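Both of the next two complexes hold chain A, though its partner changes from chain B to chain C.
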Partner chain A sequence: MTVELKLSRIFQFKTLLGIISPIVAVITAFVVGALVILVFIKSFELTESAFVRLAEKGVPAAVLDNLQVLKGKEYPNKSTFEKDLRAAIGDQNYAQYNRTIKKEALTRENPLTVYDAIFTAALKDRDGWGNVIYRATPLILTGLAVALAFQCGLFNIGGEGQMVMGGFAITWIGFTFVKLPAFLLIPMCILGGAIVGGIWGGIPGYLKARRGVHEVVTTIMLNWIAVAFTQYLTMAYKPKESWIPHTYEIAKSAQLSRLAHYLNPLGIDFPKSNLLNTAVLLSIFAVIFAAYLLRRTKLGYEIRSVGFNPTAAECAGINVAKNTVLAMAISGAMAGLAGVNQVMGYKHRFRYGVFEGMGFDGIGVAFIGRNSPLGVVLAALLFGILDHGGLAIDVSTKVPREIILVLKAVILIFVVISGEITKRVIKRIQKRQEARA
Partner chain B sequence: MESILAIMASSIRFSIPYTLAGLGGTYSERSGVVNIGLEGMMLIGAFTAVAVANATGSAWLGLLAAIIAGMLLGVIHGVVCVTFKADQIVSGLAIIIFAAGITVFFAWLLFNQTQIKSEAYLRVPLLHDIPAFKVLFSEIPPMIFLTAAIVIVSHFVIFKTVFGLRLRAVGEHPQAADTLGISVDKMRYTGVIISGALAGMAGAYLSLEHAHYFVKGISAGRGFIGLASMIFGKWTPFGTAGAGLLFGFGEALKPYLPKVVPSQFIDMIPYVLTIFVLASAVGRAAPPAAIGIPYIKE
Partner chain C sequence: MVAYAVEMHNISKQFPLVLANDDVTFTVQSGEIHALVGENGAGKSTLMNILYGLLRPESGTITVNGKAARFAGPGDAIASGIGMVHQHFMLIPPLTVAENVVLGHEPSKRGFVDRARANQTVKALSDQYGLKVDPTAKVETLSVGIEQRIEIIKVLYRGAEILILDEPTAVLTPQEVDELFEILRSLKDQGKTIIFITHKLQEVMAVADTVTVMRRGKVVGTVPTAETTRQEIATMMVGRQVLFRVERTQAEPGEVVLMVKDLNALDNKNLPALRDISFSVREGEILGIAGVEGNGQTELVEVLTGLRKAQSGQVELNGQVITNYSPRLVRESGTGHIPEDRQRRGLVLDFNVAQNMVLGIHYRKPFVRHLGLDVINFGPIREKAQRLLQEFDIRPPDHENLAGNLSGGNQQKVIVAREFDQNPKLLIAAQPTRGIDVGSIEFIHQRLLQARDNGKAVLLISADLEEILSISDNIAVMYEGQIVGTLEPAEATEERLGLMMTGGGK
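Up next is the complex of A and B:
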């Protein structure tokens, strides 16, 4: 076997593992989520069939008669059920039969119905997946931000800050230059968001390159500075009559139209209430841009070299400092554009609540997507499904929708663990092949 | 004069969660593990404290439960970062997201609401009956003394004991420590678990003593201010406590400030100062050398 052939085999194996490991992680996380639901979601209800079973188990008819008061009532809480049960059948019978009755009355939630509710709500019709894509749109941008910086060996957890700073810039331009026509104002808003986000991302890049400060700490701190600063700005630009802490509305010419506006005239039926808007085109463009930048340009090559081995890159004449600042600035610009969807496409005003958490979700998206542009899109869609589908489980099941956050956290944990295991497996295989050669 | 005293007292009260979380960060980072999950550990602590205190009627049991809950999250962080050598930042982030989800999840399940009033108070059993102490404790929560004691003990533990020396060795140069027969993994686990315990305690203070209730997202970035206190205090217990006091002072000053100074600018101070001490040329803070790098035995 020639060396080239062996190398290509390793490469294929690596890609395959790279694709499989996040999938395994996601599935494992769903299993853990199912266990959480099975263990903790329980309620007590005495149904008709429970009465039959209780009679079979030898519970006297007199007790069963007393129990009729509780029939059909649902108790999500064990202690209230116990209280009512004791009141209904008396202390003595309670002591004798409470275990049997509780066992028969206990109903658990089937995790599969919960997952089914999530995926049905997210994917069953155009409205569902339209909302999924709408929710994925900003996550693609914040995810790309993390992925791009990671390619340069930098961990940008400042997406949240870069996003709100960019988002505020977009809003400010949108409500300040109200006289401008759409074809000027929309590009100005987008550019403004990218520049301000880029500056906010460039600061930690500069501090890393010039002063050797680790970017993780500075980006964390800059997140909170950005949140406090935009909160101040929001109050400063709040309409006087408004009780809600949000800014003035952006000009009509800066607002993006919903996709239904274009699809309906074409004869494609798409609900008008669906939030999916033209900002999604920007996200698609950003994905193509990121993929092109990384794979086809000199800058992308340099960024990846610095990420792969900064010392070697330095020796090869690549300016590590310059690439560090540039990678962080481009990364920040990407995150800064998340506001295009959130402000220009949806809220038309600035409010932190519209953004909250999306910068951090971007980190999850990047890691699940293994820091590749295409992977980021898929992971963002997964998060979109969870976010949109999660709204449905509050209505149709007894599970609080915060289970979605738990799922996201567990996915994240398993993704980093499986990524690490994959890395070790690949290393071991390479070593073995080297030893054989 | 009275307002100066009031500001001083409330500075100390505000500083407790920062100091405790910062100390937690110190133990973890001294052992070489970054713990940005402090925020999440704090949140879980805050919830557990109220839930257990309300169920048992004892706030001290609530505090204990919060410490245990924090430690459990510390174990998770340890498993991910020390055993599996996975990324410490992502693990910390996952812990924050997990805590934000699981606390509200259980708040809905157990209490059917996201704001839970704390019905028990932290009281020192015998001392509290003495009139003089009664006045003292109504003004100054007993956890202040506990925190002060922990700060002093931590200083001795980290800098004057064999355990502390090993902890720091593992965080500065794990290979060397390993060569001398110190188990890097064991020391790092210990550091992270202590860190979880202290962050859980900080959370219990927030819900039991500071706010008297638990509400969704009550930690509100205080874990990160704890992290900032640790960095500003250059990874030392006394430094962390000092920084915690400084940031608490800023918080206490807020109601007394003239209107021209927006409170949001006070909020930024800890973060701006942290970046400043990390980047400045004079009196620069340097983290432990092996921080964030998993130790893999060759």
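Up next is the complex of A and C:
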């Protein structure tokens, strides 16, 4: 009996559609992405078969001979192709045949080969998987930051700022206390990143709780303050001889080992060049911590009740202001930890470039993951696949890597839309049920 | 032969849960001030929204100035010469008076707004009806009374001959009310017809020529004010043929539990909502607070439960001063609270029933374990929820069901169960049976009486006179933030209460 009840609860419309709607959104986004590729990505190339077709269409042999110079050359740009075409066959022939030739020379990309390239690069082997997880690691943290705040009804757009502030704190501790051993320095760095990120997140929380300033406004503004401030600090702590705007390198004892370092002695073949490092363990821990906090603790209960219904929470004696500040601070701390992967695990220095955009991607990750810790992990992995696989399409296809940005954006749009549609479908089904009852 | 400005015949309007207008016939003579009175939810606003084209009736006919009217929207109503001044003003503060008035119908000159003409027109209207409004003043600098006059000018500017005013005095000071009445009389003298919605009887007597009383979606009667008394209107407003009374024993009051002295508080607009309120509730006693809604009852409950700050005065619980304690401390001192809005204040609808059963006491043992971080202990919560689900007969008896999936009556029972189970010394029940089924109402009334018999002090705030009369041991009436009188149930008739609730004598 109870088992049956539980099962029926799992398959309630809300849960079911909650799972389905992001999946539908992702699939739709890939379809739209394919259309974008089909419509906008084109190049001109005169292949062997194009010559055959041109001859069939009655283009004189003399013109075709002149065209031989262009054979096999690829033109992503229409006007360059036209220029070379005109030079090769002369103005008169150009006027007569340029349309036919262009039509036959036009090649488009097959979106399926593009997607194939993305997924092959990302999922084919351990190296691909490792890089996907490496890229997902910081996104899990910034995504969790957004999701946690959202559970308290707050929209934390400030992941970027909290992340770079935390990231700089990690770096500063890393290159300042160089004499400390790893078992002290690494926890110190992590703690420092969490605290500074937490403070940077707590400020908008405090302003919201005490002064009623909307957190979206403050977090956005604090983003730019944080980015500008850390860039200033970067120059202040720049090694004199370096012409790249980055800070001193953190101590060896603060650097995290790559996972290959542990996996290879165990007999598991894992490339040493793979960037996956032990920071991923921190991300996993953060996910478990967030899930436990929200579901199993008094604080999580209070945060969620404030998020669902602040007036009822207030009436039940729950301190809305306190929980707002706490939720924002924990959220900021999560974002602040993204630097553990980027600095301690990868760059070993601070530079805004290695962080850029990951705080904002966290918003998308949280959205697609429907603000649940597990959902955030899945969404971050999806973004990781796109980011890493995107590198491959530059190499193996004519489609520019920027198509990944299009895909991410379209996924986000469809997640929002399908969420809204889901809501309406649920309401309609409920109404029908009520009418029947 | 009387000319009718408005004739509405056999109007019915069904809302999902209530029949808001039930075969209503309502007629207004040309050139009169016609008051439409009734308790909250009597169907006054619905009827006027139908007349103004905002709602469409299921059945019935409307005739305006002798012509059959079928309004698809307010635009049609305005075209027929009907204008409505809403309770909440729709003005744009940074614009001037004239700009606000002409908005949407601006006089133009070569494609530009002709401000000079707008100012002139507004000035002319203002002078004609004695409204005394400066057309060039910015709205944000003006008082509420003036804003209302702007709304009236707006309606006149659009050519209204019939004006509907929805509770126009609710936001005004007594001084402003007198001025408004002057304006209404001046409008009437110049041939306009005015319908005004209110529940304050002295206003009806002061300004209206005719009054129509509505109760529970029906018209009780239409009478000229010259031929009636406040007493009679009050009876029509609240009187009921059948009274449902609960079986109960005589109260045996003990020590004073709640003592309120000279309490003052402001409402959300920073206007005085409570004025020098004093009363007390003893053990084993139910004190019912009656009153038309919006006379400070909500604010009173909020102050007593720590949700609103008192400006002055004192709240004592069992001799301990708890004025302006936080909601949690008030609860800790032994107050249980059934809030008037169960979905907004009482429950977290996205939480399941078990989680809602501990809302407010979730931090206490055994519901949390202290393991560095306070960890929720699901076992005791589940047990408690399961026990209360049985004890209070909440259906379905499934503690993992979301609170939002329950019916209104069962939601209310969850709150009642939660608050009763904390064994409070004082129980504040605000509108505890609003909008729920008869079975649940009876159950909750019995529980309240049972709590009284167990020696608890119960403060019952209700707009439902029947409820107040059937279970209270003492009745206090609130009007405009004051307690205007305290009665024993034996001496309290509905007529007498109705009169007190609407600002009549003691």
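Side notes on the structure shown:
As a convention for this text, the second predicted complex is superposed on the first by the 420 of 437 C-alpha atoms of A that agree within 3 Å, B and C clash if a C-alpha of one lies under 4 Å from a C-alpha of the other, contacts with A are read in each partner's own complex, and residues count from 1 in each chain.
In this text, a contact is a pair of C-beta atoms (placed from the backbone, for glycine too) under 8 Å apart; a residue touches a chain by one contact, two chains touch by 3 or more.
A quick note: this is a predicted structure, and the numbers were derived from the prediction, not measured.
Once both complexes are superposed on chain A, the partners chain B and chain C fit side by side without clashing.
Of the two partner chains placed by the overlay, only chain C lies in contact with A:F308; chain B stays clear of it. Judged by the touch definition given at the top, the superposed model places A:G317 against chain C, while chain B stays out of reach. In the superposition on chain A, A:L299 makes contact with chain C only, not with chain B. Of the two partner chains placed by the overlay, neither chain B nor chain C lies in contact with A:F168. By the touch criterion stated above, A:L405 is placed in contact with chain B alone, chain C being left untouched. After superposition on the shared chain, chain A has more residues touched by B, the comparison being chain B against chain C.
Shortest separation of chain B and chain C in the overlay equals 5 Å (C-alpha atoms, whole Å).
The interface of chain A with chain B does not overlap its interface with chain C at any residue.
Across the interface of their complex, chain C is touched by residues 5, 9, 293, 296-302, 304-305, 308-309, 311-319 of chain A. If you check the complex, the residues on chain B that touch chain A are 34, 36, 76, 80, 84-87, 89-91, 93-98, 100-102, 104-106, 108-110, 112, 221, 224, 227-228, 231, 262, 264-265, 267-268, 271-272, 274-275, 278-279, 287, 292.
Only residues 305-307, 326-332, 337, 339, 344-351, 355, 359-360, 362-363, 368, 373-376, 398, 400 of chain C touch chain A when the two sit together in their complex. Touching chain B in their complex are the following residues of chain A: 40-41, 76-77, 155, 157, 207, 211, 213-214, 216-218, 220-222, 224-225, 227-229, 231-232, 235, 360, 363-364, 367, 400, 402-410, 412-413, 415-417, 419-421.
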